[in-house]
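Structures follow.
Heads up, the next two complexes both have subunit A, just with different partners, subunit B and then subunit C.
Entry: the complex of A and B
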């Protein structure tokens, strides 16, 4: 037992004394947490999410009491007003100045959307009032088509897509209100929708609470994918391990000590990141329950197994690092560590669903109350366990613990 | 516990093949307590493979191995607990400190010696808090020796223990090895250095192509060459033809580059003949040395090659 503990200590002390290891496994995840929180931290906080939006009302006929275009316009203007708490409004709204050519305004703002300087452009078409009235009364509309509001967005721009999504929700709500007011929609008969927030007293999940579990998993991931094969292959190729094998220390006892050292390293990583998230950015996550601790442990073991797998495939430490680099990017960025992974193309979704990080990230976030979770709890446990078994099976057959054997 | 005279290791008909290559080809030997047993031979002779089998790194293809009086099929934890191994090319974690390395190795054994005692033995007290990566070659080798001795072993394997070390560091290692012998330990040594083998060994096995081609004490082996004396000198002007003429006045003469080696059983007459030969051909005899035969000469006489060829 003493030998196992000393091997554990050796793994831990050498990791912390080597500057490169220290940077990648401790400093880099902390740096990433700071940067991402500073850049994206405002998104998701109530009243502090703000998008720049332009609105052009092209309706030329005054609808009198039924001037729906003016109603829509006023609602967006209302949304763009600062709240009493002096928080930044959801939208900053740009509209054509008095006397300005509206077509020129639309052309200019379209270009701004294209360049990413504007989140979205809303255009209320001419004839909107009459079309809508026709729809409501069942008479022929002025244009013979559905009354439309066109929203121009920049596809692929996250801010633009989020703004468009919010605009669509607002318009949908306006539509529903108009139908309700004109008696075409019975609010009482509508399917009730209730919203129940989980994980934050304010009913919103701060970005740091979403991000922190992802960064912790990233730290574990890097330690397993890079640290484990690098340590094993370096020690094997330089015949450090051979010195051990001529003593009574056996390979299983060495693996036990090495694995304990890996888990201990993950624990240290966790505390550094947790304390940074909590005291620098006010993260409110509670890790003092069995479920998140179990998921952290499962994550640590999964990436340890991946490390053994890479060590068993690679012939040298350099080859091990190359393989780890190949796996690193697709696994890390298609595992939902930093951003939600909904809306990905089908090809990428295949990687997402094969990726154990997807399940570990969701399982950890659900256990912390950050997400409600699209996957079953069983799946978030079984898939990583499957990967652990597969990696260890391959490693047990292929991994050479001594040079030339 | 074994008696002091009991053999530590007996090996009989040991073989190890790698495909068509007979790395170890039916060798037999014994190692006693309080003795240095040396395997001598060129690269590829089978010394390291033999050691690796006895260290438990490789399994033999066939042969009989007895460790501490018990026959075994392969070397296991029980045998490893009583032996210490200094590998030819082993390393330590560069970011561990000297004392931490010894503490780590001590944890692998049930009854290790105190780390401080080993630090004294290998004279690394002042470096005990230094990282391995900051040590010199000689200090690293002493640390390796310390790690090999941490369990107070009965049997010590030293595979090329002084290769690459400066003369002072080499003498330090020799001193430790000599001291081990006085502690009743058996030592199995491999080396390239003739003077090392001659200075330390009680028994030498000369290996070539996986076989033992001669064995005995250094003195016994040298005596195989009879009452010979060796004369060595450099002579850039000499030719193969002129060397053949020189052979008529001695037992044998060889030329290797500009290095000439002459073997004789009658030093005075050979010297007279040599000087006349040089004067007649106007050959300058440089760096002349007259010495008794060593193990290199034994190997040369047995194989026609030098150990370091």
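Entry: the complex of A and C
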């Protein structure tokens, strides 16, 4: 037992003395957690998105209660104002200056849209008020037409597409408001709309709650994929292991101590990431139940086994690192760790379903109540166990614990 | 250049070329990774920019009229509808992500059902749902919309495909990483292994070594961008109208500038071995914040401001221009390319000094 614990201590001490290890296994996952949460954590939220938009009202018959063009203009101006202090408005709105030639303004802003310097240009045409009034009074006719607001966009610019989509939503609300003001639309008869969420969630899951389990698994994954083969192969290549075998330390004891050290390293990683997610970003996940702990333990063992597999396949330490690098990106990004993996083409989906990370990520998130789960709980346990068995079977036959003499 | 210098340059060129051909990891990174990025990240991040496509699960309670609702859904966007008989089946399908969101109509109210774990996509689904609800509200009172939006596309026709936008960004990123790691990976590794110290005591001039490294990297990077481009054309059936002259000039400038940025890292870090870690962090930050995969407009204002300071932002925009995906004024293109050239050339002497500099103890 003492030998096993000494090997465990050696594993931990070596890991923490290596700056590279500290960087990749602790600092890098923390860094990724921070960055992804900052970027994706607030998609769609008020005050977090902002698009540059221009608006030109070409209507010449303005003023009066039927000045719908002014109503449209005022609503977009309202959207361009911050709603609360320090909250950025959804649009930063550019309009022609007093006395400026509107046609020149439109030409200039169209060029800005084309070059990607402006997300969209909204143009309310001349005759809009009269046209709209005619459409409102002609609602009862079977051939009632619609007044158009022209939006110039650049479909080659995703920001422009998003801005146009939001503009369409606003115009749809303006439409309803106009019909309500003219007595056509009865607000009392409006269809009630409810929003619900499946599962036990009371609302949308915060992105950090979705992301944190993925980042924790990523940390375990990197430790297993890189740390395990690196330690074993470098120790073998430098004949450190050979020196161990002349002592009473046996291979099984070494493996036991090494594995214990790996699990301990994963525990350290978990605490760093959990504390960062909890106190910096308000993650509300609870790991004080048996199911999430069991999945974390299963994950740690799965990647340990993967590490042994790579160590058994690679002839040298550098070859092992090269194999790990090749496997790293597809497995990590096609395992649902950071982004949902729905809507992928069939070839990528095949990789997703063969990837043990997919099952571990889902099992962990379901056990934490983050999602209801597309896969059965049994699969999320059996598939990683299958990979552990497969990796250990191959490693037990192929892994050489000493370099050839 | 004297005969001796030319001979040593050619010898170093050959040595660098053979070294890189033997370095399977670097070759894999340079050639395979950009292709992987296109094939993996493209579909993964495709929803981040917003989309009007979705798969809805629909439940119409017995007795409720569905014609108007179905007609409204048809015009709402590219929507596929699957009918469900009961809520349990719909929830199960939602949980398995067989549908994107659910819609229930009982004749009196509309109920939208979402999967809370679809954190990045729910915003788009809720937008679609809002559009459906608004249109249905009007039609329910026998009204038609009196306002409609007329979208006019300004820009290149080739740019209307999502992947058309992503691929040039990935090309720019692969050029940036290759150049960055040429210095803060390869050269710093030579420094750490004392190879540079051994070379410096020979008559070889540092600038000769750097020229050889730069030439080999330029060639490898250029070929790798072509491989990625033709893979995107062949596998994803994309079209690009590439201006080959501008493309070549830009790739050279971007590679040199990236090597210049690698020089800055190499000069600033204490240990040569740490340079590649710093380069990794920088390249990952740039990958996410330079507008390569999703618009920066969806990020907080401080990140948007930060992205304007990133060289990769301008590289990606210039690459979109030379591949015919988006527009840019010629002045702006030459300003970007010229700046990149200048950065590379200005930092070259510093890199040469790094080569001969004694290691800090």
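We take it that the second predicted complex is superposed on the first by the 245 of 405 C-alpha atoms of A that agree within 3 Å, B and C clash if a C-alpha of one lies under 4 Å from a C-alpha of the other, contacts with A are read in each partner's own complex, and residues count from 1 in each chain.
FYI, a contact is a pair of C-beta atoms (placed from the backbone, for glycine too) under 8 Å apart; a residue touches a chain by one contact, two chains touch by 3 or more.
Model, not experiment: these values are computed from the prediction.
Looking at the shared chain after the overlay, A:38 reaches subunit C, while subunit B stays out of its contact range. In the superposed pair of complexes, A:397 makes contact with neither subunit B nor subunit C. Counted by residues of subunit A touched, the larger count belongs to C, out of subunit B and subunit C. Note for the complex: subunit B touches subunit A at residues 55-58, 77, 80-81, 83, 85, 87, 89-93, 95-96, 100, 103-105, 107-109, 131, 144, 147, 151, 157. Remark: subunit A residues 19-20, 23-24, 28, 31-32, 35-36, 38-40, 42-44, 48-51, 88, 110, 113-116, 119, 132, 135-136, 139, 144, 146-159, 161-169, 171-176, 178-179, 184-186, 189-199, 201, 203-207, 210, 318, 321-322, 325-326, 329-330, 333-334, 339-345, 348, 365, 370-374 touch subunit C in the complex.
In the complex of the two chains, the subunit A residues touching subunit B come out as 2-3, 5-7, 10, 13-14, 17-18, 235, 238-240, 242-250, 402, 405. Of all residues in subunit C, only 24-25, 28-29, 32-33, 36, 39-41, 43-50, 52, 91, 94-97, 100, 108-123, 126-127, 130-131, 133-138, 140-141, 143-156, 158-160, 162, 164-165, 273-274, 277, 280-281, 284-285, 288-289, 294-301, 303-304, 317, 320, 325-329, 332 touch subunit A in the complex they form.
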